[in-house]
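Take this structure, written in structure tokens, and hold onto it; I'll ask about it next.
Here the chain labels run A, B, C, D, E and F in written order, and each chain numbers its own residues starting at 1.
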Amino acid sequence: MSKTNMAVYPGSYDPLTNGHIDIIQRGLKIFERIVVAVLRNPDKTYLFDLEERCRMLREVFRDSARIEIDHFEGLLVDYVQRRGVTTIVRGLRAISDFEIEFQMALMNRKIDPRVETIFFVPSESYSFLSSKLVKEVYQLGGEVSSMVPPIVDAKLKERFRHRG
Amino acid sequence: MSKTNMAVYPGSYDPLTNGHIDIIQRGLKIFERIVVAVLRNPDKTYLFDLEERCRMLREVFRDSARIEIDHFEGLLVDYVQRRGVTTIVRGLRAISDFEIEFQMALMNRKIDPRVETIFFVPSESYSFLSSKLVKEVYQLGGEVSSMVPPIVDAKLKERFRHRG
Amino acid sequence: MSKTNMAVYPGSYDPLTNGHIDIIQRGLKIFERIVVAVLRNPDKTYLFDLEERCRMLREVFRDSARIEIDHFEGLLVDYVQRRGVTTIVRGLRAISDFEIEFQMALMNRKIDPRVETIFFVPSESYSFLSSKLVKEVYQLGGEVSSMVPPIVDAKLKERFRHRG
Amino acid sequence: MSKTNMAVYPGSYDPLTNGHIDIIQRGLKIFERIVVAVLRNPDKTYLFDLEERCRMLREVFRDSARIEIDHFEGLLVDYVQRRGVTTIVRGLRAISDFEIEFQMALMNRKIDPRVETIFFVPSESYSFLSSKLVKEVYQLGGEVSSMVPPIVDAKLKERFRHRG
Amino acid sequence: MSKTNMAVYPGSYDPLTNGHIDIIQRGLKIFERIVVAVLRNPDKTYLFDLEERCRMLREVFRDSARIEIDHFEGLLVDYVQRRGVTTIVRGLRAISDFEIEFQMALMNRKIDPRVETIFFVPSESYSFLSSKLVKEVYQLGGEVSSMVPPIVDAKLKERFRHRG
Amino acid sequence: MSKTNMAVYPGSYDPLTNGHIDIIQRGLKIFERIVVAVLRNPDKTYLFDLEERCRMLREVFRDSARIEIDHFEGLLVDYVQRRGVTTIVRGLRAISDFEIEFQMALMNRKIDPRVETIFFVPSESYSFLSSKLVKEVYQLGGEVSSMVPPIVDAKLKERFRHRG
């Protein structure tokens, strides 16, 4: 039986940004429970390994009983089926997101027609924010502490100090 | 108190298309109740007046206990407040939708930060469908009966025969 | 029987620009014959009436035996059927074109699945050119004689002198 | 002789929004002087007439010695020539802006190759803001006082109270 | 001498999808003969090598006398010249396609002005389909048998079973 | 103290194209001095190393007293601060540019609010031109000598002859 008051918010979270947190908080206005599902794709290289990414998420949401941190490998539709959920939540920042997200939403629906993807618009403050851009800024010695939670800011500084 | 298991799906519905029905059905996967809110903008000219547009909607959804047909004038955020709802549902077909819809979602949020807009992707069969295009086709003597419910198809033919 | 070596290039041509001529010349690389089909939509206001628009086209293409100037009212798919043609030719300049053109191509295919629309890319010199913009420039007393054929340039100057 | 330390920022300003002010302030980082040039197009209907639009601008910028409020009719390139300026400043909020603005910039350059248009990105707080949307909100009885200067907010309320 | 009743449809076909087949069938409405030209770029890694990709295409089109399967390396314009063809056929699904395809069409035209690229719109059923996405789905253990020919479906399953 | 009559035009210039030169010349209409700042990102592979890229730029602009060729590593905002400049110049060709450029402009502004990015539109002749596409053409044995300065054309031919 599917749980309609629950949604999955999948992503790499490498690392979590304030843009992700914004979408999660919007999701909680509609869903009783949000499962933040961290993707591990064995073919990709991450800055933070799966455990580190999950740990940062758990730390940030430790007081949020309605948010669950989980992880998955393989097809997203298989994962949501296993979890008995049929709703996927995603944020849409810009046109480039739009096309990739639509392609994935329609493909997931083709694989399993029960799965529905819904989109939230993040705060305009985060319209230009992405994990990729955040990593680039820290790697080059910059920081954008207003764009990530304090624990992520600290981890990013630590990580690039080690490398620098 | 806001009803989180309820959402408003606002629009002109001039006329209702199968694309709207597709979005409503997707909305019912998540919300217990969808209020289809027909906009009456006194500055706009409609093909079907408010009563006709509502009547077609009621006819199509007469057996759907979870769908309510309502109408409103003025600001959408005022209407959703009056209804005690905080979620607005919209469909996103294409890039052109994207920008207008985002602008409205962000403006509505500025007027009332509690109001959240979520977006569904219609079936790809309806990716090119709009009420405006449907009216143009019928007006020129064509028909797209697979694109609108039978009652709308009949009404469109009747309307343009009278004019023709 | 459909004529596959023939295509229809529909439009308002209010007025003809060098961008239209560019697309026609590209079409002649593929099709034996191009029918330039001037739309008359009774609900629209044109700067040049149907006869004037056709006359300018005939003047410009008077030495082109493979180009036919015709006009139509009503549904484009009805017109191409009457002409025994199944290919529609259109130019794609920019993203905004893209969405409207795709919507029309898919809707026309829905009305008559035999009808195929193909798109050409105009020379980058005309990437920003539109009949609408040309009219605005002349109306304000400017001119863009490199953007329209001489006869159209003359007609535009005459038209706006009369009004000015 | 052209004044390179001066730029024209043309628009309808019907009415001025905080998004316009944001672009003007960015322009002042580069140019010694910005001419805010209010367009009067006799074919268009404005909410505020030319005098009102200019008066609101003068009021808002009365202490800004480097900002001049002017108005024009006809071709923008003719106006900038008369003023001895060759740089036009515009804001780019979104994709839809992008295409229209590029078309105009390239057409203006075709009419007068000396004229250059440069684009600024407004603060992300104003990414969804437009004069048109502001008017719609006030007309429907809403207000977005954080989006317009106080004098414009007051004028909009007064204007729509008279009509309401 | 150029063969105007013939067109080249170039691509990687890694692997062939129903979206490609849709475009080929639309091309056959206009051209007497379509050359499906499989690209081998020595700098790229393919899932299926050149021979396998060609074999799948030959299998699928073995009864289509008007379709030729060929392959090429190097510049597309050199290949079409060698084949005596001047028309390139491409499908346009979405905005992201649009920009890349336009860039290539204009660059090819710059290298050889005789070469013309024309675009078809695939069925809306394939609007979200790409070889890349198909590979990702099969690699993760999913399948989308309605999106590829049976022989490709079988090959994909075989390939990823070997790896899995 | 910031130099407002000076701007930085950052990029990889791997290699310089006529599109870059077009933007630089437009920039010189507004700024007394343009610093062409060649990026060296240690994580990226370039066709031409930093020295070669700078040498080609110096060669092309050797008679331009108002153009300075410089190079940098790390954060662009750190570099412009070191140079005492606050204006970054960029070209906008197409929608795909638009989103990436906006994201970077807003992020740079977040890191240092004094930094302003302004955008120029290149000549429509270069609307499809990019260093990446130029390299691909030469690598495959083609040439686009109208798209790059003679010295770059020669260098590209030499480089790919060595490899070929």
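Operating definition for what follows: a residue touches a chain if its C-beta (ideal position, glycine included) is under 8 Å from a C-beta of that chain, and two chains touch if they have at least 3 such contacts.
From a predicted model like this one, the values you see are computed outputs, not experimental measurements.
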E-F compared against C-E, more contacting pairs: C-E
Inter-centroid spacing, chain D versus chain A (mean Cα positions, whole Å): 39
Euclidean distance of C-alpha centroids - chain A vs chain E, Å: 34
Overlap residues in chain A, where contacts from two or more other chains coincide: 95-96, 102, 106, 124, 127-128
Which pairs of chains touch, using the document's own definition: A-B, A-D, A-E, A-F, B-C, B-D, B-E, C-D, C-E, C-F, D-F, E-F
Chain D residues touching chain C - in the complex, by the definition given at the top: 74-75, 77-78, 95-96, 99, 102-104, 106-107, 110-111
Touching residues (chain side chain C, partner chain D) in the complex: 94-96, 127-130, 133, 137, 140-144, 146-147
Of all residues in chain C, those that touch chain E in their complex: 4-5, 26, 29-30, 86-87, 92, 95, 98, 102, 105-106, 116-121, 124
Residues of chain C defined as touching chain F within the complex: 95, 124-125, 127-128
